[in-house]
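In the two complexes that follow, subunit A is the common piece, with subunit B as its partner first and subunit C second.
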Partner chain A sequence: MDTPLIRGIGLGRTYGALTALADADFAVMPGEVRGLIGSNGAGKSTLIKILTGAVAPTSGSVEVKGETVRLGDPSEMIRRGVACIYQHSNLAPAMSVMDNIFLGRQPTGRFGRIDRRRQRADAQALMARHGITLDLDAAVGTLPTVKQKEVEILKALALDARVLLMDEPTGWLSAADVVRLHTTIRGLKADGVAIVYISHMLDEIFTVCDTMTIMRDGRVIAEAKVAEMTRPRVIELMVGEKLARDSAAAARVPRRPGGTGEVRLQVRDLTRTNVFRDVSFDLHAGEILCITGLIGSKRTELMHVLFGADRADSGTIEVDGRPVAFGSPREAMAGGIGFVPEDRHRDGLMLGLSMTENLVMATLSRFCRALLLDHRAIAARSTRSIAELAIQPPDGTKAVRLLSGGNQQKVLVGKWLNLGPRVLILDEPTVGVDVGAKAEIYAILRAERDKGAAILVVSSDLEEVMTLADRIAVMVAGRLVAIHDAEAVTMARVVDEIGGAA
Partner chain B sequence: MTARSATLALLAFFVATLAFFWFAAPRFATAGNIENLMSGFSFVAILAIGQAFPILLRGIDLSIGAIVALAGMVAFDLVLILHWPGWLVIPAAILAATLAGALNGVLIVRLRLQPFIATLATLAAYRGLVYSISGRQLVPGLSTTPIRDPWITGLESYLDIAGTLGLSDLITLPWVPLSFFVMLAVLAGFQFMLGSTRFGRDLYTVGGNVEAARLAGIAVGRVTIVAYALSGFCAGVAALLLVARLTTATEALGTGMEMSAIAAAVIGGVSLSGGIGSLYGPVIGAFLLGTILIGLTLLGISQFVQQILTGGILLAAVAYDRVLFLRRQRRLTANLGEEA
Partner chain C sequence: MNASIQAFGRRLAPQALPLAILVIVAAFALSEPAFLTPGNLVGIVRQVAITGIMAIAMTFVIMTGGIDLSVGPVLALSGVVTWFSLDAGVPLPLALGVGLALGIAIGMVNGVIVAFAGLPPIIVTLAMLSVVRGSALILGGPDLHSIRGQEAYSFIGSGSVFGIPVSVLIFAAVAIAMVFVQRATPLGLRVAAIGENERAATLSGHRTRLTKLSLYAISGLGAAIAGIVQSSQVHTASATYGEFGTELDVIAAVVLGGTSLMGGNGSIARTVMGVMFLGVMNNGMNILNVPLDIQLIAKGAIIVLSLALGELKS
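Our next item is the complex of A and B:
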């Protein structure tokens, strides 16, 4: 058997208490297209970042063509012919397309002067070879995102890479562009390039890949030939038996689409120009509505408008039947909206302060007696929250920074529950949270729902959506394309809709 | 393309300002005054060119005023105490300034300091260093001794272009100070580097998207250190022009000049959000600032009011830069929305 073009051995990466990747072995042969799949937080991106040198692993080693390489150094990996199309744009927006394609490696002549003519000729040859047309002199920042993605793809192809990593390369592309990209991939494969293809779209994996590696919770769970796999089996592996069991159990928890029937939040034709448009839905008391979709489908932007952090250009929002127009998050909070943001470290928690301080932060005015804070009442409230949310360890004086991700998330949820909002919005509530804590957070949210809370959850994690939701709304590119009763819809159907196939 | 039209717009505004004072301000349109403008603001233009490098990286160099004093004092000591020849003093003083700039870069890269904080600290430290090496303090009597080295005083000469070309009978043209040509040389050299070499492209890349630069294998730390070293280099060149002009150096040399340099660079369209701008802009910006200040002086407006105006112009330039930034952001989100 040949030596793999690229091979990771026992790769691991931890961030503080969080293990992003553990003991992962990974290899790709020349001319092999390997799909890499798993839910969010499964460790795919961490693995890719280690292979490109963007991140140094905390354990393990990487070999290219059988030689051990220096880790955590992007220029070393580029030199060895490892290129990557990143999920998020890695371009310099003010510079021209031509400069971006050859970022850091422009051909030079005498006195280090850049050979523009050669650069242009090379770029044109590259575009002709791969059937991509771009204005080489346009500044990248002025191009539409699809075109930027094409620049990103050309940039990687320009390296004449032996190993090409693609992290969700089709996220922004139209169906025709995806087909063209797949043609390019087959051409590269015939040239003996090793390709790693990450995608949430199982269709694409089954169309273009030869083999697949399935990851879950930072570990490689299975490796297989695509021809020998079926979709249900892939999904089962991705999700894991425990969660599959949990979700089967959750399926038996009675869903309550429509809740108590009382409309808490009514959104009609909400539009923010060039971001999302004509979004309409109702959220009832006593139900959990999950909004799912791809990254970039503008779910978070929609939440920001609901929470008053941004303004809508048209459309109406009503809370309890009264029209509202929040100018700031402060007004939205006063109007009964709670918002648990996606990035708890940046937007939600004061990591250096104690659990108690974080729990009562948003509600301090209730604990004021004259001008002083009633510390006994605060401690009592905090103890009750900690017990209700089963936060570990149950010690209110402990700094939040020292808690695990799941417990930090519980503190954040608790902070907002203490506010007693009419509508609670959670953006990706379980990112970076381990499986056990996930189940606990779901239980907390269900308990609140049963008490009559109206809960809106934004999530990219389909398992989470299928487990938690009473109703499921799908957002594609700024539009709310469908709302389903969770009992009446299959995961496959939702996957199709997310990809815009419906 | 848009960068070029922005520079042209600035140039047009500069010409209009020049024309305004030409007719409005008494004695503005004289050869002597134009000489003043050229010699008095060439070194500001050089400082602004230097300042452009940190700003292109989303940083700032507050210490250049102190580096000017440091290079000036090094030159003072080498000439008057050690009696080095001028041809050796000039590179030595510039080297000292370049190293001081490079140290800023090292602090920013290695200690991960904010450029503002790092250069604020070195601003104080370098100024203190100037006092401690000051020949004026160490050797009594030197403070009144002028620098007479021909290499250095030669920097403060004027070239009679019109005379050389035999035009002086027809028209009175200002004599062009050598410092103006030094400035042009600095401009030409660095603009070539920035616009046409890979290092220049790397600088724009680091300023535009530091993560993209890192993943493209660009040595971000080294680019940053070099950028601050270049800022120091320019401060060294400016210092020598000043010393030549004053025939001495003082501990307070260059105080507050970072203000003018930053103002000129930002007026010149070097974006504080990084990665955008050329070196022509800062040069035009410096002379625009000079035209306004000299013009107002000739109109009889008080020095204090002028300081307020300088601050006002800087504020306006920064606000305009911000507007452009927000417009770019909006265009970016508009592009993202196109698929909707």
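Our next item is the complex of A and C:
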């Protein structure tokens, strides 16, 4: 029992000049549930990718049951019993539970015929052993999310997985389902499975984990037994002295809760059934309002309604004192709303098009003269944006695909600044962006604020919220539970509220 | 060393198609001097004009990840309808207008179903292929309708200006107009944006569904123009023209021009080159008396080969 089931020694990974992970040691014993926590960009996902073989480390080694393994080879890790359950399902929804469990390696009889009887017996034995009950013949797509997670767990166990990596396993689950999943996890633990539980939700870490590893800026900065930790101490470790430094710097930037006092966006009792309800707040000219909360607290869904990509069922939205009901993003834009979406690759940019084309994508009609594109005006606009936002390299003809994440994000922000919206909404504006570009994006947003823009930022990154916000709103499970002046609130208080209703 | 070869390959890749055309032109010219005569060269363009017009008009559709399989029957129906109009004594401009409007209307129906109902383009236009062919047969029956005493109409397909066939001029005009649309109008940029990332285009405030609808209308219009050119070229209209395989030639030309069937990058000018490439191949093989069966096999092999090379470069 002294040999860890899985162990990473001195793991490091660099991407060009960016260090994603440095000198990380990590070990999980049989029957241990280890929480892995850290803010976005702390290096958690890089570590997990190394452990699943999706990525080869640039330094260090991995041992499974004391044996050194070949790195960067997913099939090797699966063979050795390391499985990962991702946040998003990897199941085939139209196929039955049983077929999903054995997908790709069905027990076969003569002539390659699938041995259904043996498959069923194996599946039932597996379920009995781990105390999971599922209808083996149901199509996976018809099951509730928590059951689908169980199917994924069974699928991993059918591969003789002894190490289960679970990435935000409760992201889409209700409170009751979280309890159910935790019961399953305790069963696995009793059976000697080693579990790595990655979550932003401290409540869950404290409920289900035995130990925790805390990461920050690509390093493992603390390991501890959960019983010996307190929540404020964990947060302090997660965000570190950097936050102290940043918030000191941010404190020197005067906060402007309430901005100029002019209400740009007024939201009252906004409700979308079964998503969020009774959301009310004001956003003023000249302020940055950050809405924070857990993943799944429906902040993005709220933004989609404000931007006309979804409809509300009741409640009112006013822009500059005029009631609005946007039926499409196009209408919302005409009504003065700009929206920088969270996923820049999926929703934000045309990666194959040039920087210039992307920068004018939301304002094309302004660059038309007699139905033709005014290429000269477009080039001038692009040159100005590139200079103002310090986009590197300063070459508008370059395809956005070729830029770094931070510069891609600046192009995306620039595209919406060019619209000059009355209200600019940004959803997780610095996800996957390095520290330097983050600071630049903050500076850009502050400059816009000082020019009188009304800015609404959705962010899960508390560090970001504490640095950037003039006011902080907290959303929990579809309700806006509190709004604070950023100056007058402590991080600990915000954290408590974020986790409060869970 | 390897890196410099790759860099060289990258610089060369965009020129691959024009280079390939030059190479085969040179090869055919060496083995059969008659190939290079002005008459033959103009003849090549004349042979590809009909396919070319449709390929140009379909390029935008394919750039957005769509396809239009209904162009063959639309070609036939617009020819038949124009013939009926002329036969009934409708003045030529109006008759042409009816034929063209019909193509646009069919394209719009395709577009509405694809863009607003969200059905897959391949199924929608395949169904439309069947519906339009059936309609053409109801209207025109299986017979050839010969067009007599319509000199102005015949001029479209058979006439020439300064020795250049009118059909070639129409092909050139369509090409120039669409290159212009792609490079100089918002529509061109919008098509590229939708092909790259339709979701992001919608979230940037573009009316992506309306745009897609208009692209299918353009494709339908192209097929109608092709139908009129063809019927006036052969002095007949028939419900059976644009037989099965027409749409495949059109799609092959677009794809040879480097437009991906998955959508995204694409160019009208390169589609024109794709058309010319196929035209030169056909003509050269005819001149060299390559049997038709071998020609078909060679054509298929060349299409796959050139696409494989295109994949290799990316």
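Convention: the second predicted complex is superposed on the first by the 289 of 502 C-alpha atoms of A that agree within 3 Å, B and C clash if a C-alpha of one lies under 4 Å from a C-alpha of the other, contacts with A are read in each partner's own complex, and residues count from 1 in each chain.
Keep this in mind: contacts are C-beta pairs under 8 Å (C-beta built on N, C-alpha and C of every residue); 3 or more make two chains touch, one makes a residue touch a chain.
Since the structure is predicted, the reported quantities are computational estimates derived from the model, not experimental observations.
By the touch criterion defined above, A:Glu357 reaches subunit C but does not reach subunit B. In the superposition on chain A, A:Asn274 makes contact with subunit B only, not with subunit C. Applying the stated contact rule after C-alpha superposition, one finds that A:Met333 touches subunit C and leaves subunit B untouched. In the superposition on chain A, A:Lys415 makes contact with subunit C only, not with subunit B.
Once the two complexes are laid over each other on the shared chain, residue contacts for A:Ser75 go to subunit B alone; subunit C is not touched. With both structures placed on the common chain, the touch criterion links A:Thr133 to neither subunit B nor subunit C. In the overlay built on the shared chain, the residue A:Leu372 is in contact with subunit C alone; subunit B does not reach it. In the superposed pair of complexes, A:Thr230 makes contact with neither subunit B nor subunit C. On the side of subunit B, the complex with subunit A involves touching residues 1-2, 192, 196-199, 201-202, 204-205, 207-209, 211-219, 271, 275-276, 328, 331-340. On subunit C, the positions that touch subunit A within their shared complex are 184-186, 188-190, 192-193, 196-197, 199-207, 264-265.
The part of subunit A that touches subunit C in the complex is made up of residues 307, 309, 328-330, 333-334, 339, 341, 346-353, 357, 361-362, 364-365, 368, 371-373, 375, 415. Interface of subunit A with subunit B (complex): residues 52, 54, 74-76, 78-79, 84, 86, 89-95, 99, 103-106, 108, 111-114, 137, 139, 141-146, 148, 172, 273-277, 296, 298, 477-479.
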